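Two complexes come next, and they have one chain in common, subunit A, joined by subunit B in the first and subunit C in the second.
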Partner chain A sequence: MANRPLAEAKCLPAALGLGGLAAVLALTEMLIRLGWVNRFIVPLPSEVFVSFERIILEENVLSRFLATAGEALAAAFLVSLTGVALGAFLHRHRLLRRACESWVAGLAAAPLVLLYPLFLVIFGRNALTIVMIGFVSGLPPAILKTVEGFAGTPKVLLDVGRSFSLSPSQLFWKIAFPSALPVIFVGVRLGLMFSLINIVGVEFLINFGGLGQLVNELAERYDLAAMYAAICFVILVSVFFFIASEKLERWLLRSA
Partner chain B sequence: MTGTKHKSYARFIVLALLLAGSTAFAEETLKLAVGQRGNWDTSVPELGQRAGIFKKRGLNLELVYTQGGGETQQAVISGSVDIGIAAGAAGVIGAYVKGAPIRVLGSETTGSGEYWYVLAASPIKRFADTTGKTVAYSTNGSSTHSIALQFVKQTGAKPRLTATGGTAATYTQVMSGQIDVGWSSPPFGLDAIEQGKIRIIARGNDIPSIKNQTVRFDIVNADVLEKRKEAISQFMQAYRETLDWMYSSPQALATYAEFAKVSEAQAKRVRDEFFTKDMLNPDRIDGLETTLAEAYAGKFIPAPMTKEQLAGMIRIQPPIK
Partner chain C sequence: MTGGSAGEDGSTVEAAGGTPVLRVENIVKRFVTDSATVTAVDHVSFTVAQGEVLSIIGPSGCGKSTLFNVIGGLAEADEGRVVVEGRLMSGPDPAIGMVFQEESTFPWRTVGDNVAFALEVAGMARAERTKRVRHYLELVGLKGFEQHHPAQLSGGMRQRVAIARTLAFGPKVLLMDEPFAALDEQTRLLLGDKVLQIQQELAQTTLLITHSIAEAVQLSDRVLVMTYRPGRVKRIVDIKLPRPRTAEIIGSKDFGLYVAEIWSDLRGEASLGMKDAEAHLPQAE
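Moving on to the complex of A and B:
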């Protein structure tokens, strides 16, 4: 037990991560106080920390956090479901895959957030518009990585499955899907990041609910410390989804 | 004899080069962040530069355009530009109070060129008819928010005020029927008005207190003001001269029309109907008490501003010949 590698210790990675973050914040604080970093561009981390209370009490940041997290959750659900299904479909149909793959990759690079007026017209001025922009933005990486995941399934595993006379459905669920799962989750996580960026961006642009709207308002007020604190909540949404997706991946791998 | 002639030529060439060089070196470059490209009020540096007015004052302007006051202000604070054109008054006051290195060079707009509009077929004829309807403003604490609140106060209507973002996003929401009353700033929307798609129901200047309130400032980085005072004074003088030209010369309308990609008739309409010359007078800062009260109410400043703070912030450069 005493010889267990440090990297495998349960709490050490988290402690190291938090320690690293604290060190970066302390360094930033020092650089700002020394005047090496302009405090009117980057606020003191200590000021950001103090402003958390203010944005919780005065700016209803928790309800905004829930609004953004809810939109991100809905978009994530749609991205996972549709992206993986479309990816699997494209993998099975080679001609279609060859026809569409580069288009999907092109879509991943498109600044879809700029199409918000179109989404506003189709879905109206409500959370659905934001969810749909998040969904469409997150879809390409989920599709592409799913295709890649299935394509990477070792042929020998499939041959072994066939030698045991597994049905196509069994081959998919017992061999191909578990084998592709880690890569599929890379795509889902990338999709979630794309979604969240676009969700917050649209909230910022159309001034509708959530953390994006709050960041916009605080920036206009030149309340930098509070603005950075609000951005921390956006990061919190991202962290929350990252942890949830990791747990889901582990659970699926165990179940498979 | 030939040698003397060559020497004369050489002297002439050196002299000419020196003169050319001195002219080039005499021109000082100022970097500007300008909000809302294409608006008449924010086009002063662009038009003055095109007309050679700033050049006559020994200035070369490098212009970058921003989406609005917040971005403009941040660029000035960071020192990446020297001067900011059209920064929201409340935002500037908030930043100054928090110690940001910015100073006010003058008023950018006193009063409001913004207008509120409805779809042509809407039953709403004036702001008083907006009870129960959605009325747009850009963002919380903005000048459009302040004007919308004043409209509510003045007319007694009880609309649902809704933050809709910029002019283009607002227009989309009005045209798709999600917002009943939109806001805009000319020349945006003039085409739609002329085509009979939308109809103006109110203008910011309909409210007397707004008409006499400076809503946007021209700002300068404090360090730049201290170290390059002469250049800044020359800039403001050229700014005044450009305004004189913009309101007297037909060429200014043609230049603006080309720059903003509107017709000359629309350019004339923007100038004569929405922005009187007095509104853009940089030396006229009015209604500061109201602005300060709004800045406090809108959480831009944590406490009311003192007279000393005000005096330190506003640095209007006196006219020069």
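Moving on to the complex of A and C:
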């Protein structure tokens, strides 16, 4: 009896979300069919749905999905490691932190993707360029949130550790890091979003690689339905990373 | 009325019978700030005997937490020393277990893993650890909560987890800084009862810092009253109430007399502290 509301509460949000999405799609379909929305600007949701088959069979969307996901994974890996390490470093060195924090924040808002010619010159027209742009653009939120996470660690928790004679490295790994982890992961997730947006953006701009290039090609052919279907795969990459990051966070907390 | 051995001159105040487990000798701690040097603790000395509960009471800002940190080894004294069972302390030591005033459980660990924390870091084998954790959780009345997370418990329960975590490491002296301050009145009384029961069961040598007179009288064998700025030992009052004690003792006549006696000692200091705080208000930024 006591478990039932809990079980309901678990599926209810998901059901509401999916139901809401279906309702919006149905409404869009209706508005287009009634002629209230121009179908040359917004394709019919049913056409988008049908074109999934086409882009899977004809446009190799799955291998493009893997290419973009792979680039995003490489960027995510670099963002997490470098961002958390730099954040921890800045937290330790107050002067440096105060010197850097505001321009790192500024960098987070900069459209780094527009620097792609520079990256092309340095890394060439290949996946490395794309990964590096994803990495650089995802870095600032990861750094900032890591600093914030460590700064928010309650002093008393560290005192507990010191009272049990923990070494500095034990204090870090057993207390400061797990305590900061939830906030760090907010930063990592934000960084992942920034990375993915910029990765797809630069694929689009340099017409190279995964889903971004496909979106570019479909747009040039004015195949709007297929283009929207391709964008759905970009969203799929992001969903995939979101779930993976939550799993990783839980695993890290459990092993801390 | 009650014979307390005074120690305003700074001489060591001996524990009432029994061998002293903890000796605190002439501790001085100063804080140097931009504007002034504050002597937070000024030549404080006392001892705590095996199995004894000594409470330190004093107004806010009289140096209790500073003393707590010095005895626990988290802060260095400018003068004086702390000795446990004849061994000079230098920094944090397993012989002294600390329980803090603030929320101090690790929110990412389960209750069981919180209690196991120090044992785990010290490298104790899992089987032994589990046994100990179970024992101490039962002692603090949290049997069956091993798998819960602190967020699922009440404030009083979390503070019991913190106490179990400290006790599980087997300290010679249990050192607590206003452990009930953040709790509501009823929880505080019940938790006081629980601590008393645990202390009697383990014959745990305990140093309790508090600003509640009732709490000090309820739990202690002796109560040390501190002066306000500089923090000195004003007086030590022996509490000769029968043991084992429960919260019921709070209604008794003797209890009231002790509270009144300590309040008369404390009143002057407390009003000094209050005036001081008020005097600083206009300049407060």
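By our rule, the second predicted complex is superposed on the first by the 243 of 256 C-alpha atoms of A that agree within 3 Å, B and C clash if a C-alpha of one lies under 4 Å from a C-alpha of the other, contacts with A are read in each partner's own complex, and residues count from 1 in each chain.
Please note the rule applied: a contact is a pair of C-beta atoms (placed from the backbone, for glycine too) under 8 Å apart; a residue touches a chain by one contact, two chains touch by 3 or more.
As the structure is a computational prediction, the values presented were derived from the model and not from experiment.
Residue contacts after overlaying the shared chain place A:38 against subunit B, while subunit C stays out of touching range.
Look at A:154: by the touch rule set out above, it reaches subunit C but stays clear of subunit B. Touch criterion met: A:207 reaches subunit B, while subunit C stays clear of it.
Of the two partner chains, subunit C is the only one that A:166 touches; subunit B does not reach it. Contacts of A:242 after superposition on the shared chain: neither subunit B nor subunit C is touched. When the two structures are aligned on the shared chain, A:77 is found in touch with neither subunit B nor subunit C. Using the contact criterion defined above for the overlaid structures, shared-chain residue A:178 touches subunit C, although it does not reach subunit B. The residues of subunit A shared by its contacts with subunit B and with subunit C come to none at all. Note for the complex: subunit A touches subunit B at residues 38, 40-41, 58, 116-117, 120-121, 124-125, 205-208, 213, 216-217, 219-223.
Note for the complex: subunit B touches subunit A at residues 69-70, 73-74, 77-79, 88, 90-91, 94-95, 98-101, 138-142, 163-166, 168-169, 172-173, 175-176, 178-179, 298-300.
Residue ranges on subunit C touching subunit A, taken from their complex, read 72-74, 91-94, 96-98, 100, 102-104, 106-109, 117-118, 121-122, 162, 165, 169. Taken in their complex, subunit A has these residues touching subunit C: 154, 156-157, 159-160, 162-166, 170, 174-175, 178-179, 181, 253, 256.
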